[in-house]
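In what follows, structures are represented as structure tokens.
Consider the two complexes below, in which chain A is the common component and chain B and chain C are the respective partners.
And now, the complex of A and B:
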């Protein structure tokens, strides 16, 4: 493809073009094996302990939406990224960029949501920074959170660990967050209102590890959606992935809006869902504890890891065909998270 | 004072109004003793090790300036914040917000500067995130960096530890960064060009600890300047501080520009300077190793900690008077770092 000479929205999509920006311009600069893993966070050892460290910046527009806000999203998103490394998230930092003129009342509301989310997830915000830029130099509020967690002994999950035979468990319905932001932004209203799935997944993951040791890979399908996340895992682990369309849960109202507007739920963002790759002997036990959790009650097995077609994701469609699921190309929605 | 109902530039000044935003709206929400210390970073213990964790967002305008760029500033700033906690900085995260249309050429240049700065400081960038927002929703590029460091056994520095009798060492000239940004932004040119002092201080601090164990407090006087940093220490440690104006090094060209434009070097930002509070027996040894370091060659003792006037900073002026040095009130320069 022709290289753009300017940053385009696609560079932030979480899909193919984002991946290109990272591998072409960023990885070679900070060349080190921890970064090169490109998982949801970095994993490293200090002394006797293994740590996970992750960062994410939130620019979602609108900042308040059904089911959440930029505040709880910023806490949950980083809690989940640290969790997907197999770690117990402990401490978070908060870096704020505020636009001059942003109403203090909205600021208080965002802080309240952050505090509530941190308490729910059981993590501590221990350090922070606030910058204010002149009106027009930013849009309302952007939030960066970085998080540190500790990886319990015996746990080793990363995208490279997915292996042939693993069952692929999805924790619930797809595209709730993406469709919510989309409809809010476009001012669309529907009879059955949709809500973001913004939620902390660390407590559920703790139970999953207690139920089965053969959890090889965890990933939260945020920007780029489940389709992109599965592709990243297939490529990093050099395995094939086969999923069944009929097994993928999507709420009827979300599915309806996607059809109406021409979006594919496989590529829309989720903010309270995870995908787990689990050895076949442990899959049922892990699935059972997920289904008992408030954030995993719709969990189901959507496919498995295959030896065929390493690096690729195939989906058996509703009508019995087989189609390649590629990484997201093109930005479906800027400022989704 | 009347409470503003909107975010104003002062909220990001690093001075009194920033402090108010933090203590009024942020601390009560994330109520915990680690955050409440309000030092340059958080300090906590995991297992056998003590860690420092810090975050900072960089919105400096212009993004390239004599002596540095937003790229090296973002690395050095967080390296220094972690260092000021007494820690050896190890790992950094990088969170980018890019404006649609930002030239790839400039992006590459910023990444290069980040890579160079990380190599110079000896830290690893291990995790990152990139968001792109539509044109006009941000200005060019904003960078958040968060950093983790480990605190060697026997080291215990924080602002509360400053004690009566401590000598106050300043590592070099004040206001170089602030004046550089100011003149660049206003398009001013002078015969003697000024340069930002952007630099990593971790190597020098390592030598300082080797030279003297009685280092009680370290602080890098960035936003809000040395005047604000000294006030924060006086308040946190509940001690008095007395400094001598004639001992404070300021480059003649910087001093000249400050006089011309009505700025006080005590309140302008520095990005490669530190203030150390050192027990009197160790002060000369610590000063000596600083003066041998490339980033401390102008280091000198500028004052001491007193039992009188706890919580306040006094300066003996050039003409022999004594004036109170307050925290910065009002924003001198938005987007200084």
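And now, the complex of A and C:
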């Protein structure tokens, strides 16, 4: 890819163009083996304990939307990133960038929702920082959160660990968050009952580990969607992935909006879903505890890991055809007709 | 259309039985063209190629509105984004298309006010909200989109909105079919005609084309079973040598089409000769704004200085859009030209042939 002369929005899409920015401009500077894994969080050992550490910055327009706000998103997102490393998230930091003129009422509301989300996830915010910038230098409020957690003994999950024969479990319907944000943005006046799925997944994951030891990989398909997450796992573990279209749950109203705008739910963001790669012997037990959890009611097995086509994701379509599922390139844009 | 209805048309059993019928009927090697970009994507997404017999080759046609937008028109959109005090409102898939010197995406990164909207009416709302700004809309698209833009122009006239204008670069489908058939290189045995466009213009709009060429034509919907149904009908017509202009999308498309939309198009636009990217000028295949609405014609309202268009070297857009070549035949495909850094428009739009091949490894 040609060297870009400016940052464009696609550099933040979570797809191939973002990946290029990370690997060409950032990774070489901070070059170290922990960062090089490019998983949801860093995994390292201090003394006898293994830790997971993750950071994420939240900018969302609008800041309040059905099913959540930038506040709970900033807590849940980092809780989930630490959880996907197999860790129990414990402590979070919060950095706030506020735009001059941001209504105090909205600020209070965001803080309230952060507090509620932290309590629900059972994590403590232990340090923080606040900056205010002149009007126009930021959009209302930007939030950075970092989180740290301990990985219990015997747990070892990362994208490289996915192995042939693993069953792929998806915890629920795809694209709810992505479509909700789209319908709330200026200019799109859909009156559809869609809600963000923003949720902390750490309690459910705890139960999953209790039910089955052969959980090899966990991933929350946020920006870039499930399609991009599955591709990253296939590439990192050098295995093939085969999923079935008919098994992938998408809410009818979400699917309808995607049809209308030409979007593929496989590439839209989720904020309360996970994908688990589980050894075949443990898959049913893990699935069963997920289905009992409020955030995994619609969990199902969507496919499995294969030896064929390493590094690639294939999907058996509804009509019995086969097609490749590639990584997202840049942000999906609504089509003309 | 309710989603339940769509699910039915995706139903695996219906699709599988159609595939069996196609396999039983198809004897000779044939080349079918899906004209519309939405069909191209649906064919890839549902894996239709992987279930068809080897006798049937599917070619992708010039029916992605972004892909056929001429370089000069893209340059005009870039120039409009640079107009003092302008808000350039656009459909999303236009922003990445490279013009001769820039793209709308790059202009946005430079600080110009380029905003993605979902309908022309959103642009009207912006014009009302910002009476001190010039709100400009690039009118790109076929007969499907053009009526909504005509409606916006009429609304702007009724509201006496002096700060709203459209740069019309619309194209119409039936004339392009003539051009495709006049090239000996394409060798098309049958057409899968676009469902959404036909909903507006009706099947009768293709009569002159069909009478001139007697090539089998079937209007199709966008679900896998719709497309398979159209392919089966085309195979039958070709094998039995009974070419027809038929409609496999009867639940939406009629012979007369949407007469209200047609009247609106006729009131606001007139036909004109226009250039299609990579294909050249197709007579009377464009829609330009009538003089009666000149106040809302951005092309007339602003004095645009456009660069001499430089078509990207080696880009096979034109041959790909006419089915003469497939994307892997283009020397730039996947090397110099990728969705991350596109050369031709066919690699930009999600419905562009090259982008679809790239994404689904066609």
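As a working rule, the second predicted complex is superposed on the first by the 323 of 337 C-alpha atoms of A that agree within 3 Å, B and C clash if a C-alpha of one lies under 4 Å from a C-alpha of the other, contacts with A are read in each partner's own complex, and residues count from 1 in each chain.
Following the convention adopted for this analysis, a contact is a pair of C-beta atoms (placed from the backbone, for glycine too) under 8 Å apart; a residue touches a chain by one contact, two chains touch by 3 or more.
Everything numeric in this text was worked out from a predicted model, so none of it was measured.
Novice: Name the contact category of A:329: first (chain B only), second (chain C only), both, or neither.
Specialist: In the superposition, A:329 touches chain C alone.
Novice: Which partner, chain B or chain C, touches the larger number of chain A residues?
Specialist: B
Novice: Quick one: is A:25 in contact with chain B, with chain C, with both, or with neither? Answer first, second, both or neither.
Specialist: The answer is first: A:25 touches chain B but not chain C.
Novice: With both complexes superposed on chain A, which partner does A:291 reach: first (chain B), second (chain C), both or neither?
Specialist: Neither partner.
Novice: Looking at the overlay, does A:6 come into contact with chain B only (first), chain C only (second), both, or neither?
Specialist: So A:6 meets both chain B and chain C here.
Novice: Is A:161 touching anything from chain B or chain C once the two structures are fitted on A? First, second, both or neither.
Specialist: neither
Novice: Using the touch definition from the top, say if A:132 reaches chain B (first), chain C (second), both or neither.
Specialist: In the superposition, A:132 touches chain B alone.
Novice: Applying the document's definition of touch, where does A:120 land relative to chain B and chain C: first, second, both, or neither?
Specialist: In the superposition, A:120 contacts neither chain B nor chain C.
Novice: Name the residues of chain A shared by its contacts with chain B and its contacts with chain C.
Specialist: In the superposed arrangement, which is not itself an observed complex, chain A uses residues 6-10, 334-335 for both chain B and chain C.
Novice: Enumerate the contact residues on chain B facing chain A in the complex.
Specialist: Within the complex, chain B contacts chain A at residues 3-13, 18, 21-22, 25-26, 29-30, 32, 34-35, 41-42, 44, 46-49, 51, 53-59, 61, 90-91, 93-105, 107-108, 111-112, 114-115, 118, 124-134, 136-139, 142, 144, 146, 148, 150, 331, 334-335.
Novice: Going by the contact rule at the top, pick out the chain C residues touching chain A in the complex.
Specialist: Touching chain A from chain C are residues 3-4, 6, 10-12, 15-16, 19, 37-38, 41, 44-51, 65-66, 91-96, 105-106, 108-110, 115-119, 122, 125, 140-142, 144-145, 196, 224-225, 228, 338-341, 349-351, 358-361.
Novice: Given the complex with chain C, which residues does chain A contribute to the contact?
Specialist: Residues 1-2, 6-10, 16-17, 20, 186-188, 246, 252-253, 255-256, 259, 261-262, 264, 315-324, 326, 329-330, 332-337 of chain A touch chain C in their complex.
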